[in-house]
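Next come the structures, one after another.
Each of the two complexes below includes chain A, the first together with chain B, the second together with chain C.
What follows is the complex of A and B.
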């Protein structure tokens, strides 16, 4: 292994700053998470080392998510040159990109494929980080910001889905916004909040020009700004506290973050680009959908059959179709709460047990994503 | 007398009007007669949702007042429709306003008589169509697109695996160049890491 060296010290993984008893709890908490003495190039880049062990592949998942985000930004900027966010022109502008812009289909396909890849790797990164106990003190903020980033990534998917303004885009958005509305019936005195939230997103009585304008603004301005800000904090924390140990046993080897790990990350990105290029060149993303759903949205026409969200929402969509809405809402709330409180809930859990939980969650996500429809039909009959 | 005659004439007028309405009704019924058997077959065979847009100009079929629908056609389009209806034998140029490019090509290839006969066995349409017919030039023959339930007029829509194979062959030069670039880049990066490691050790 190039630039690999033996770990020769018993230096604590966290490298906490000393905190006095007299300091307020919140101040001590923040001081440990933002140790000023470590905020320098030497500590955050030159001195940083990455453990080498059987779970080392997990360290590359975050980088891959970041890589696909960069692809999203670059291809999204190209699409911005031609896309028209109006109900009359949105579909036509997408058609124009497909049929008249040089390399337009490739750029659009790369945007679509990399959005799915970004969501896939963000989810894998979260699960792997959980299995490796990367949320351990002092990395709680890294974890919480990571969870927020995942939610923003999903919101990117939801808002971007509407923009082509075809049958599936508009009808799936209607279903999604309607489910926010349905939430109100269970909130008693606060039942107006989801309705107001839906109206804020929708902007008018039904999904129309205001909705498209708002989703477009969220997709190209608000969410990217929020994501970049949180990503900055996330990466800053990662550099500040270093890579987590990842495994229960003591790691015998490490490698320098810069240059060894950094360049290896670039190598992985290069292969990811190759895979993305081949997929985007050869398989139009829309070919997975029945063609009637790709027709321009017709407000006067009937809703075509087969409306469903993108594959990355199947894990919640099919349970919503199968079970009571209230049950799903309660379960989702609990899961979200657990996600945010993970650093404290699983503080004392061994990595072995965390791996079991991560495997169970992965199995659920894979089964629901691939076989969700079959399970749904089996359940209904 | 005059009154009686006018009553008599009025009776004839009503009779003629009724005939006219019945005739128009008959004409309209035959005119808008679409053949959902093809759509039903393709949906059943492929397991994919399909609609009239596979062969018709309008996704909701030829009935209605919308664009590409019978009651929405102008005079010139009605003439083209009438011309297309006369094409009972194959080989005639078809430009029916209620059919899309694929629909027109089916009638051109087979003739209207054959198409009407195929209503009873829609699965045979795939075998009757010319294997080289590829309306959208996506590399997948229209006959296969009909069986797969994909859009034969959209070059970005087809069976994903078939599209992969066709486009892999079509863009092999681009892909090979990208592959070479990635390999060379990684070869360079790998040696850069080794070089830096050697330098670090020397220091």
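What follows is the complex of A and C.
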């Protein structure tokens, strides 16, 4: 291993940067990320240790995200028994679940609450992983796959939101998709691409049955498959490389992943399940939405006032309302690029500084999510 | 006579001997008041025997004590059918666990040479008795179903009659023989407690779960590492025991609260006749709406003219929604000249449907991000998120004979006028020619 590395670093000096020479570089890159000698039960499970320090709680966030995904899969499969993905029946079938099916409201509530929880913990997981510098070599692949997983999770939320086919959801989805069009004006010769992209998602010129069908297919088949595949890679990498140490100073204590940490993980999941179950039994998710969710979509009516996306999109939604579109586009492109390139950009940054950045970002997210609406009104006047 | 001996004399005798004997043994021979572990002689069999046995028997005993202590609450709990099935099912499962444990423990005492040397006859007797007890218990459960339910009318009052020194055998007279044998066996076991290793049940280390972890620090560095590992394993085990208790409790709660409902989930609701009718009606209505939408689409493909409204129905303040040739929403107003004013209602910002009520300045509002559009020109207000104006649509007005009275072309020029006598019958149309050009 060490030898291959040396060969790599001397290559550019010899000035021989033809394609033939990049092959071993790529090969050794992959070999370092997929060390074959470590691919065994002993190394990946028995020997794995989890450091104990003041940021240790961060090691639970990924597991919690996974737990809520499992809840989504189970409750989602339950919902499939009654849900009908057609423009005429979708809304009524959801209403049927709510009003007639035994434990239907509970299951639907759990799906809705746990989708929020999954998105919340996936976001926290990313921020904590950033603060702990868990993307450090050789964990680049873990990080990038993780970012992809976060995007998939958000797409889950976006596609699921449309499925009940109610007034608010259809209109909000229209607005969300339509904003893709606005990209066109900045793309010059490629200005037709955003419209094409939108219509590909929609399946027709405006949001209708084809859109519902496609969103349904994405929500229950394509996204779950993609997520499971990427999650497999993500977890494989995590077990392969072990836990990153998480703090700059030397940690004195570690605990065994199996069984000590694993059982603690299960314990946390049990509490999460309890909380979710109680929440879902007692508080219908809709009670947080200040608009009539249960009103079927009506193509002829005016868009109801005050439509907005679910809370987890506020952090882009309100800025989009307040600032120039081009500015938002450039800013989000930069943020996404930074997210993907994090392992290389922040290679040399100390964890203290990473924590600082993570805190600043969290502060932004929290403020925008909770006070976004007030800020928006204040901005407008 | 024999009944009195077995069910009244034996119990009192057994309890008396058990109490006096146990106190005597704990006082006089405190070192033997334990389970006399043979773990260091043979560990694997112990693990597969002792663990299932102890888990099983502790929970089974709890299941025997609860109805005795709280017969009313117990009955109320079991009146829930799902709960009853859960309790009975658990009982079977745990008994099987006990059985497995006993068999392994017995085999170990009979076969392993090392263990045989520390095994007393009493150990074997106890094992055999316990085996009988478990089998008899299971037999009773199978023969006379729902023992967890009928016990509160039979064995529980019998036990209470003993406790209150007012023995009454009538409660258990009619019980099956297996059950009666089970009762006698129980008294014999109680009697044997002070004479056997059963006495260790008075030294159950409950505090193990709650006491703080104890780490033995060794001065010798070689031992230190080894002990740290043992310590970690011990910690993990305690977590495991606590977690199992939690999971078990959770499952019981879940089965009481949700399991039968979830079973019903898959079975599906059986609606009443009127509910079903109502549901069908609303389904039909949604289908009709969908069909309507489709009809509009076909109409717009086939017809040169599409009816918007009768001219007299149009209003200056409140517009009338209709669907244009592109299947997008549009609004029809009347202007001050009494002519139609048709404007697209698809907001040029992000495509929301614009409202149909004009304000004092003759503007309509898109509620999504607040853009005001002038009805006459379609232009948005200054600083609105929407930048492009809403398109103004062309129209034709026909009289009842189908003759063109007036029209507005795409470019905005208006031809013709409408006489007052025609205004009552005239109808407003949009035409394909205005769209395709």
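A few points about this structure:
Assume the second predicted complex is superposed on the first by the 355 of 381 C-alpha atoms of A that agree within 3 Å, B and C clash if a C-alpha of one lies under 4 Å from a C-alpha of the other, contacts with A are read in each partner's own complex, and residues count from 1 in each chain.
Criterion: a contact is a pair of C-beta atoms (placed from the backbone, for glycine too) under 8 Å apart; a residue touches a chain by one contact, two chains touch by 3 or more.
Treat the numbers as computed from the prediction; the structure is a model and nothing was measured.
With chain A as the common reference, the superposed partners chain B and chain C clash.
In the superposition on chain A, A:295 contacts chain B only, with no contact to chain C.
In the superposed pair of complexes, A:98 makes contact with chain B only, with no contact to chain C.
Touch criterion met: A:282 reaches chain B, while chain C stays clear of it. In the superposition on chain A, the chain among chain B and chain C reaching more residues of chain A is C. In the superposition on chain A, contact is made by A:263 with both chain B and chain C.
Look at A:304: by the touch rule set out above, it reaches both chain B and chain C. In the superposition on chain A, A:274 makes contact with both chain B and chain C.
According to the touch criterion, the shared surface of chain A, contacted by chain B in one complex and chain C in the other, consists of residues 259-260, 263-264, 266-267, 270, 273-274, 277, 301, 304-306. Every residue of chain B that touches chain A in the complex is listed here, in rising order: 48-51, 53-54, 59-60, 149-151, 154, 156-160, 163-164, 167-168, 171, 174-175, 178-179, 182, 185-186, 189-190, 192-194, 196-197, 200.
On the side of chain A, the complex with chain B involves touching residues 2-3, 98, 105, 259-260, 263-264, 266-267, 270-271, 273-274, 277-278, 281-284, 286-288, 290-295, 301, 304-306.
For chain A in complex with chain C, the residues that touch the partner chain are 78, 81, 87-89, 91-92, 96, 100-104, 106-107, 171, 174-175, 178-179, 182, 205-206, 255-256, 259-260, 263-264, 266-267, 270, 273-274, 277, 296, 298-307, 321, 380. On the side of chain C, the complex with chain A involves touching residues 232, 235-236, 239-240, 242-243, 246-247, 250, 254, 258, 261-262, 264-269, 271, 275, 279, 282-283, 286-287, 289-290, 293, 321, 323, 326-329, 345, 350-356, 366-370, 385.
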